[in-house]
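The first chain written gets the first letter, and so on, giving A, B, C and D; residue counts start at 1 in each chain.
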Amino acid sequence: MSARGEAGHEDAFEPVRIAVVGVGYWGPNLVRNLQELPQAGPVTICDRRSEILERVAVRHPGVRTCLEYDEVLADPAIEAVCIATPTSSHYALAAAALRAGKHVFVEKPLADSAARVRELIELAAEHGRTLMPGHTFLYSPPVNLIRDLIHAGELGEIYFVSTSRVNLGLHQPDASVVWDLGPHDLSILLYWLEELPQQVSAISRSCIYPDTPDVAFLNFIFGSGTIAHVELSWLAPSKLRRTAIVGSEKMVIYDDTSNEPVRVFDSGVDLSDPQTFGEYQLTYRTGDIVSPRVDVAEPLYRELADFCTAVRTGTRPQSSAQLGLQVVEVLEAVDRSLALGGSVETVSSSSFRI
Amino acid sequence: MSARGEAGHEDAFEPVRIAVVGVGYWGPNLVRNLQELPQAGPVTICDRRSEILERVAVRHPGVRTCLEYDEVLADPAIEAVCIATPTSSHYALAAAALRAGKHVFVEKPLADSAARVRELIELAAEHGRTLMPGHTFLYSPPVNLIRDLIHAGELGEIYFVSTSRVNLGLHQPDASVVWDLGPHDLSILLYWLEELPQQVSAISRSCIYPDTPDVAFLNFIFGSGTIAHVELSWLAPSKLRRTAIVGSEKMVIYDDTSNEPVRVFDSGVDLSDPQTFGEYQLTYRTGDIVSPRVDVAEPLYRELADFCTAVRTGTRPQSSAQLGLQVVEVLEAVDRSLALGGSVETVSSSSFRI
Amino acid sequence: MSARGEAGHEDAFEPVRIAVVGVGYWGPNLVRNLQELPQAGPVTICDRRSEILERVAVRHPGVRTCLEYDEVLADPAIEAVCIATPTSSHYALAAAALRAGKHVFVEKPLADSAARVRELIELAAEHGRTLMPGHTFLYSPPVNLIRDLIHAGELGEIYFVSTSRVNLGLHQPDASVVWDLGPHDLSILLYWLEELPQQVSAISRSCIYPDTPDVAFLNFIFGSGTIAHVELSWLAPSKLRRTAIVGSEKMVIYDDTSNEPVRVFDSGVDLSDPQTFGEYQLTYRTGDIVSPRVDVAEPLYRELADFCTAVRTGTRPQSSAQLGLQVVEVLEAVDRSLALGGSVETVSSSSFRI
Amino acid sequence: MSARGEAGHEDAFEPVRIAVVGVGYWGPNLVRNLQELPQAGPVTICDRRSEILERVAVRHPGVRTCLEYDEVLADPAIEAVCIATPTSSHYALAAAALRAGKHVFVEKPLADSAARVRELIELAAEHGRTLMPGHTFLYSPPVNLIRDLIHAGELGEIYFVSTSRVNLGLHQPDASVVWDLGPHDLSILLYWLEELPQQVSAISRSCIYPDTPDVAFLNFIFGSGTIAHVELSWLAPSKLRRTAIVGSEKMVIYDDTSNEPVRVFDSGVDLSDPQTFGEYQLTYRTGDIVSPRVDVAEPLYRELADFCTAVRTGTRPQSSAQLGLQVVEVLEAVDRSLALGGSVETVSSSSFRI
């Protein structure tokens, strides 16, 4: 199944038997979608906290429960694991699963360092298994609609992108807002622009927890000339999910909280060549504004369908491990810049292609 | 007259006789306000372009017209000049006026370099004349209402400020968006926070005119710990004038385009001390939202009244030359950072106090 | 438990054993809330459509299922029924339940005619059982916050109320939009104003289904002088849930779709007595706007808690049968006006007090 | 010049010499536009209040002033008058001007009774002069854009129109809100729908001044089946200028206070014919939303241009006396309904065609 297209033969293969590891906060969403997905088979849930395991099991009749991860790994009936635990544990759990011959889906970010992501990618290649990060926004209809507009050239050259992802909460004591919210915007930018930023500079502040940034302003310069700004914060008077994409032909506002998530503005500046007296002639153009109809498909459902297809057919998922690696490479560059008070950092270009 | 309070004795002195220099785009607004102001006397307008001079004179019956600046300087009946010409000419026109013994009001920014601003300040001191930059927002009721909230401690510690000042147009062929729109936000930040940013980093792009940035993302770190982000652009799908001020006690949204320009959110995070097990306890607080009534006074009117008072009584205007200097010092630091692709630049601290 | 206050002793009594009758569209919401409610005991669900019954049972482990209503009535372990079937069946189902000695909760409107509602009220009295209509908005925090403002006199005299409840869909082939959406606004108006409208006039149109109004404009005049307008429609470009309450002291906007559901405007007109020349002096007052914090409690949960308390303790629920009767009396007057093209109809005042 | 099209030959005729009568509140807008209009010649202003006359003269250099209306009428150099006085004086001033052989433009409403409007129309015919009411919205670009959509059949059958025109103030001691704001919406409805309402019912309240309605809810039924609701009020927490036009094919929101005054929703309900089992099949359609670019022309300028053309060439202006009569006929029917507490009143159909 294509990540964006509608399923043609989604039940043409045997349902994949999956265990969800970690069912505290996000895991139950995976469980619910896997149970509704024809491409997935009976679901196992695994968590060390027995009371949480029990509670989720009650709400999802039919799941098998398991307190020990080792049992999951040892069970030949389980083909794949979906890891929804804190970021710091991603590497160890994913590596163990790959070594046990399981396919692996990991909630974003793939791991807490680029080096570890590279190890996981190598392990996956060695064992011939799928490794996929959960960059859910790559399956969001508005994100894909905008990607289509960009790739069709409708927006012209992309001058810049400016995005704000802020709200009040939820602070995480051991994770920076950059690593928590940042992967969303970075995966979207990579998916839209199909290039890595070359230079990164960023400032942040740890307002509530010491040494845990909860607000950050990130600046990016891409090789093509596109620049981007990303504002991330857990401290804000109201929720904002607003992205402006300004192209030479048209401009787009993407607002995930709105009933009209995509608005296309036929606006821009037309510049004629210098005239006799060397003066440029500018004309501002303000045309129709269109809010195209957007599908209401649940991104997570489509993402897990893509995972199952990758497992069964060996295709590369839209949210690929290579894209997941690039996201982490950029996050590391951001962290280096933050540590130096906003210095310009180069993103260590991965040898992998997106 | 206090810049913010209502006039107590506004006609207690002889009206100031003022010439407005440059009446193309912004100048007519000065003329209109000066004509309505009891503290100002008969207005002279000066512009080399006779047809523009004529057109403005027709709309403002009673003004005297003058094609040559030298005549203005030579006229002993004129006590002060208001300079509303392009930035590059500010220094020469202001210096000549000060030397001729006139008081000087200059549209923002005061001059195109900090060195030249310092020269003007010295000239003003030498000749005992008022030198005042036109940072109009310092006279805007919502800006002052927020300043009062900050200084009364209502917002608590200011964690960060994030602001967007974007719209479609108007490009200026010889001026960066940083020097055109930036002085507004910088003057507001200095006025609110009463401190200079210590470190600046910024990226920009010249999308339409070559070598003329029309979009810029500016990051600031202040000594107190406050950080700030300023987005400036002449390319945007819709006009945005939105500033979020996030404090430890309350948060404020300032939106100059809204019927409710100031919104105060009684929201925040309460963090208790580490408990037995070393874990912090977070509580999110979301209380009432208040849009306080804001006066509808025209900032420009109040600004020119402050200028007249400064001329007559020698008081320091709210929009002081020192603040104008600091704005230009920060702009220069931003330009240095832009030239180096976003490097961290230190603001060369002026010896003047705000 | 008070309908609005927080529960003090909510588990001080034996949980009520309830059967939900009709689990197609709305019924499952009742089931979910009853299962979470400490005041309610094991839940039975009853529906003739076995496949629907089965589907709901799977999602709500622990419920007992029952295909025949007669079994529910015959089961002495079931103390109360919640009827969530189409309006036309309310009377028969409720009457049978009351005769079988059950307490009865009926989704709004109580029945399809005032005569039948009166019969049900008499039956309930005869058998000493609670009869309660499901006017959920009486348990909505914003509705109660506004009621408190009105009753505390904060808004002054209520001049008028204007409300729009429109969206695209869902048409019902056998029910007018007046009987489907109207009970919401009528119950709110009665709850706020504590008086019945004396005169009703209304127009409507059946745009899609013949003889089934899907848009209606209702005008009401109350004895106190307050007037009200209610716009109801299943045909609208976007969802609107907007009520303006204009009082002599303050004005309120209630918008159920907004993050700020209640906004209080300290605005109004002050009129001094006629002066010497017989002229009134008007002053317009525009003060602060406050969005008070509103609890996020689920109205349905609070409503069912109130039902259980009424069953156990004999108290009158906030959403009383008398209020339900008055709603239907007004609906009948609206229908009479519609039939005559908008004539002024008097509401046949019920002998019951609210 | 066509009211909507751009001028082809606007200066093909001799400018019309016009006197503006009444320059207190609205008159100065007429003066300003007439001075900018190439089709209008030197402007005379006439008002009995000498200080007001003087003040307006100072702001509009070049106008001739006149304290006595009789002088205007006696002056052969004045070809036309624009009457901007209170409604009660319209009839007498307009009749005198027509009798003196002047062309007449009257601010809406044309007169305070349909009988008087008919007299004026007859007088105009007798003297071969243009009589034109100032229904400015007929020259508003968004109103015309919507008219074009309706007439091109883009919206399909017009099911209903719902409009709110409310704000805080400005009360007028001797005029109902129905006669003050109502002409705007009535002229727009007549212009769009090209039919008179057949039945009118309305309620109102006089909240501030006795016997002067300041809030009113008007219901209309048209012969074609279209129904309409108009809410008018000088008491409202915030300004609202919102009109929903719901058609069988598309729906439109017209909001005169928005940057996007017209929004076209490709939404609706598709109903298939009854199937085998007699059930209708409904499908809800929600497609793109388009905010078409709207010209920014000033309606008043275009209106006065249309008047000048009518004067010179004898064409019928878009805002015709016949339309002005129909507006007043509807207002009278509304007043009859209000007097009877909301009774259904028939609009006495004028013999004139729109």
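One rule holds in what follows: a residue touches a chain if its C-beta (ideal position, glycine included) is under 8 Å from a C-beta of that chain, and two chains touch if they have at least 3 such contacts.
The structure presented is a predicted model; accordingly, all values stated were derived computationally and were not measured.
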From subunit A, the most remote chain by mean C-alpha position: D
Pair joined by the larger number of C-beta contacts - B-D, A-D: A-D
Separation of mean Cα positions, subunit D and subunit B [Å, integer]: 43
Distance from the mean Cα position of subunit D to that of subunit C, given in whole angstrom: 40
Mean-CA-position distance for subunit D and subunit A (Å): 54
Contacts with two or more other chains, residues of subunit B listed in rising order: 238, 286, 289
Residue ranges of subunit C in contact with subunit B within the complex: 260, 266, 286-293
Sites on subunit C touched by subunit D in the complex: 159-160, 162, 164, 166, 168-169, 171, 173, 199, 201-205, 207-209, 215, 217, 219, 221, 225, 227, 229, 231, 233, 235-238, 244, 246, 248, 251-253, 263, 265, 267-269, 271, 279-280, 282, 284, 286, 289, 340-344
In the complex with subunit A, residue positions of subunit C that touch it: 58, 61, 238, 259
